[in-house]
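The two complexes that follow have chain A in common; it is paired with chain B in the first and with chain C in the second.
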Partner chain A sequence: MSNYIPTIGVEVHVELKTNTKIFSNSTNGYGEMANSLTNVIDLGYPGTLPTLNKEVLNLAIKAATVLNCKIRREMHFDRKNYFYPDNSKNYQITQSRTPIGYDGYVEIEVNGVKKRIEIEEMHIEEDTCKSTHRGTKTLLDFNRAGVPLIEIVTKPCMASGEEAKAYLEKLRELLFYSDISDCKIEEGSMRADANVSIRKNESDPFGTKAEIKNIGSITNVGISIEKEIERQSKLYDNGETFKPQTRRYDDKIGDTVLMRVKETGNDYRYFPEPDIPFVYVTDEMIERVVATIPMLPDERRKLYIEKGVPEVNANKIVQNRSLSDYFNELLEENTNFKIASNLLLGDIAAYLNKEEKLITETTLTKDRFLELIKNMEDNTLTSKNLKDILNKILEDTSSISDIIKSSGIENITDDSAIRDVVRKVIEANPGSVEDYKTGHDRAIKFLMGQVMKESKGSANPKMAMDILVEELQ
Partner chain B sequence: MKYLNKSVLELHELLKEKKIKPIDLVEEAFENIEANKELNAYITLNKEEALKQAKELEDKEVDNVLFGMPIAIKDNIVTKDLLTTCASHMLDNFTPIYNATVIDKIKEKNMIIIGKTNMDEFAMGSTSRTSYFGAPLNPWNKEKISGGSSGGSAVTIAARDLPFALGSDTGGSIRQPSSYCGIVGMKPTYGRVSRYGLIAFASSMDQIGPMTKNVYENALLLNAIVGKDDKDLTSAEKEPEDFARLIGQDIKGMKIAVPNYFMSDIVTKEVKEKIEETIELLKNAGATVDYVDMKYLDQAVTLYQVIALGEASSNLARFDGIRYGFSAENPKNIKDVYFKTRQEGFGTEVKRRIMVGAYILSGDNAKVYYNKAMSVRAAMRDEFKRIYKDYDLIIGPTATTTAYNQTDSIDDPLKSFMDDVLVNPANMAGLPGLNVPVGFDSSNLPIGMHIIGNDFDEAKMYQLASYIEKTLDLNLTPGGEK
Partner chain C sequence: MDDKLSREEVLHVAELARIAISESELEKYQIQLKQIIDSVDKIKEVEVDDDKMLIANWSKETTLREDECGEMLSPKDVINNAPRHSGNYIEVPVVIGEES
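Presenting the complex of A and B:
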């Protein structure tokens, strides 16, 4: 297979997290009984008119801001006219000529290389209803009709499935963190289409485009793009050509499948929506929205690492919004952030997963967490002991020291008691002692392990280590 | 005993003094409509419900001047639990579960809906002959058209069936039939009245307005239906006002412009002369009347065709047989659902207009026609604004002719557009326009004067119209006593 240069552009539809729909006061909800979240406006009844949900505008301004887009100050909506049963008015209200955001970018990193993914435009539109095909019949659920969407369109600026994947992960993180959308691909609140073409040289015009529609996961976006590049390369290698087309990714066969060849001249007869007057975005509106944007993931990661959190931990914390928000509360404090991150991602995360709780739903207030960190830091509490009292720490409100005391697992800090154990271990393991003395550092770890084992984990590890080194001299 | 020939104020007094009950008016309205059945002014009568409502009102305080008054509603205004057909086979089974905002408003006043009036199908026409239910007839001469599209509302008022009707006006559909039938019809400023529940024809022009026997009662009904509506983003933020407040005031010093185009050869001699007579009357009363040149007026019909039909092609797309209304039988596939439903459900004129509108918005045509029309439209509005710097009101004839024969020009689709040449500009510019009768032609058919006001200047239009009405003191009851 020859080498071609792939060009990839991605279009993403994201459902906005509003209480009500974009053009009516129906509830914006998922998973409810079919057609229970509808009214005469959503159903396109004669004489009904759209209203405009202000929250949609706010979230779109927010999205434009976090995607580094310029924000249009004077805009209108347009009608996209086409007949389809999922489209109650047989036109969709969207923004064609005056998208709210334009000329933005998102920064990604693939294999250590940073790249800006340029965003051509992002616009506001309404979602269509959900069609379910059953044999010769099609069932329509209008709960989704009129759910607010933003569509984010990149320039054709990506060169691999990996980049597209990284872009989508970044996008999801940004939109999720800014409370713009749930970004749940499996529930359809984030949907991605990729346009893929290849060419021989940078100087060649773009190759014929294939659009891959509605890919079910971010991983599959990466895979499907690579598969599509492979498919197109083989065709060109064999001297074949193909028509612009729409394909879908079939997870079962792990490849893209032809849906339809694109007809030229798809005519949507766009014109400005006369039922919605021009919308003006003021400085005040933008300021108000920007003030609600929380600290974004990149900044969080950077701060955590600066505070001594290992990079791998920093990344993991940021993947969990509630943990990260919780962690942010600590940043002003003088504490050991490495221990804090280990605690949160270790036993505490396991507990939260098991109990299906958020960290904020436990009794671990900031002050109690700081106390816990301190106890871990000065070895009053060992990791092993922690496991025994974790439930109490997360479910009781008493102080950490009280819990430790009442649990009777306070570790041995009595010098002579520890020294007895150490001596016993040294006696029982002459081989390891010999190894240590001949410079095998690993031996001391083994001996230390034996000390902890002998003391049933209750010896203060720091003291034990000091005494062990002393006794080995 | 007959009451409905009395003025609304008199009826109001009688109701207040309990000398009559709302049911007397409702029963009389239905008797009148029955006697005038031949005029075909109604598509649906609301008899049972109206009588029930009238009964219920007997225990209530007569708290406003419109209380208990019978009213007819054009059948493109959505009425809860009452068939709303738009004079189309497409909706001849459509009973809405919601009210238009104007309906809620007149119900708040305890007005009683008598029925839904005949009209051109989807308000597309200027003769009411495109109605699926047959054309209404002009009470002045049954051979003649009523005008349209609010023909049924004009006819039932002219025939003195009842005192109030609502119409809608996209390109003259209130004013032109009002002129042909000799009544007062007001198209308010765009945004003055909520369009929520008005089945859209051309959204950027549609406006609901009152149709009545006289100017004062017209203002009373307008008082009741205006106001900012949260359900209609194009409705205007305006404080309530009494539109009748200037009625009876002197018009001395009023500055009035007559665009030369409105009095050009497009208007018949008889109509023109009657308007000139009225202009003399105004001058005698101390008003200044100047003939002025205005650009773009001759473009209004072309603009209207492009913009109104473009919007209509999109607005009427929702009628697809899937969720409500007529649905063709035994479709083979989804395309068939659309094709057959729309083929069988819509009449010829509606289909023609959808086709032209879709063409206008297609591909590059949108730039060539629609965008161009929108920019000329803005220029036309500026042209009106230029005139209003120096003048209070603009006047001219409402229609180029009086009502013509039911059988005339029936195969000429362009004729129906040209009927509205004088009334289209107000829709294009979003300005209020009013018809007031000023006399009759040699065949005793009414001639109307068109008054175009500046934005939200309806009160001043009523002031002038009322002066004309009072001074001329015409007998406007077809073939009968005043």
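Presenting the complex of A and C:
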């Protein structure tokens, strides 16, 4: 297969986290009984009029801000006309001529290389109803009709599936952290389409475009783009051409399949929505919204690493919003952040997953966590001992030192007590002692294991090792 | 200037409107649609200072609604107005091809 230069652009629809729909006061919800979250506006009854939800405007301003977009101060809505049963008005209210945000960017990193993904525009629109195809029938549920969306469109500036994947991960992180959307791809609150074309040289015009629609996961976006590049390369290699088309990714066969051939583009006959007067965005509105934006993921990662958290841990903490918010509370304290991150991502994360709890739903207050870190740092508590008392730490309110005492697992830090155990072990294992002395380093691991076993795991491991080496001399 | 639209233009509009038209209707619409377009074109002759006038009611800012839930229809009311339904779903003939 010859080498071609891929050009990729991505369009993302994100459902906004509001109480009500974009143009009506019916509930914005998911997973409810079919057609139970609607009113006459969502159903497009004659004579009904849309009124814009204030919160939609706020969240769109917020999204434009975190995506580094310029914000339009004066805008209107447009009608996108099409006949299809997912929209009973036969038009969708959207923004075609005056998108609220434009000229933005998101920074990604792929294989250590940073790149700016440019955002052409982001606009506000209404979601359609959900249609399910059953043989010769289509079933319609209008609960989703009128759910507020923002659509974010990049420039054709990505060069691989990996970049598109990194962009979507970044986008999801930003929108989730700023409480704009819950970004659940599996529930359809974040949906991605990718436009893919390839060409031989930078100086050539863009190649014929294929649009891959409704890809079910971020991983599959990466895979489907790579597959599409491969498919187009093979066609060009064989001297074939193809028409602009819409494809979908089929998870079962692991490849894209044709949905339809686009003829001359869609004839949506956009025109300005006459039922909604102009919308004006003021400085004051922007300032009020910007003040509600929490610390964003990149800044969190940077702060954690500065505090001594290993990079891999910093990334993992940021992947979990509630852990990250919890971790932020510690940042003012003087503690060992590396140990703190290991604790949170290790046994504590395992407990939280198993119990399906958030860290804030445990009894581990900031003060108790600081006490726990201190006990780990000075080796009063070993990681093995921690496992035994973890449930108590996360479910009781007594102090960590009281839990350690009452569990009888207090780490032996008394030199003579450890020395007694070490001597006993040396006496009982003359063979291993001999091995160690004749240069078999592994023997010391065995002896150390015996010391820990003999002390029922309560000997301070670092002290025990030092004493063992000393006694073996 | 032609006094009628081309056959292709009329068929394209019919396709967008999802309607079937007969040969005699096609010929009739070639003329009638052209007349409508010519009439609408007269609006273009009006001189306006600001493009905004052509867009929407720009003299007054839109009214924004607080994000508070109100009354909704029951699923029963919703399906009562649909020609066909299946459980609480509105049922329509399957439309192949286009998915938005």
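As a working rule, the second predicted complex is superposed on the first by the 439 of 473 C-alpha atoms of A that agree within 3 Å, B and C clash if a C-alpha of one lies under 4 Å from a C-alpha of the other, contacts with A are read in each partner's own complex, and residues count from 1 in each chain.
Just so it is clear, a contact is a pair of C-beta atoms (placed from the backbone, for glycine too) under 8 Å apart; a residue touches a chain by one contact, two chains touch by 3 or more.
No experiment lies behind these values; they were computed from the predicted model shown.
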{"item": "Contacts of A:K137 with chain B and chain C, given as first, second, both or neither", "value": "second"}
{"item": "Touched partner set for A:T360, first chain B, second chain C, both or neither", "value": "neither"}
{"item": "Contacts of A:I276 with chain B and chain C, given as first, second, both or neither", "value": "both"}
{"item": "First (chain B), second (chain C), both or neither touched by A:N391", "value": "neither"}
{"item": "Touching partner for A:L37 - first (chain B), second (chain C), both, neither", "value": "second"}
{"item": "Contacts of A:L52 with chain B and chain C, given as first, second, both or neither", "value": "both"}
{"item": "Chain B versus chain C as contact partner of A:D267, first or second or both or neither", "value": "both"}
{"item": "Comparing the two partners chain B and chain C, which touches a greater set of residues in chain A", "value": "C"}
{"item": "Which superposed partner A:R79 touches (first chain B, second chain C, both, neither)", "value": "first"}
{"item": "Chain B versus chain C as contact partner of A:K89, first or second or both or neither", "value": "first"}
{"item": "Contact residues common to both interfaces of chain A (with chain B and with chain C)", "value": "40, 43, 51-52, 81, 83, 85, 138, 140, 267, 269, 274, 276-277"}
{"item": "Residue ranges of chain C touching chain A (in the complex, touch as defined)", "value": "12, 16-18, 52, 54-58, 60-75, 78-79, 81, 86-95, 97-100"}
{"item": "Footprint of chain A on chain B - complex, ascending", "value": "76-78, 84, 86, 91, 94, 96-98, 100, 195-200, 202-204, 230-234, 310-311, 313-314, 317-320, 322-325, 334, 338, 358, 361-363, 366, 370"}
{"item": "In the complex with chain B, residue positions of chain A that touch it", "value": "40, 43-52, 79, 81, 83, 85, 88-91, 138, 140, 265, 267, 269-271, 274-277"}
{"item": "List of chain A residues in touch with chain C within their complex", "value": "18-20, 24-27, 33-40, 43, 51-57, 76-77, 81-87, 128, 132-142, 213-214, 259-260, 267, 269, 272-274, 276-280"}
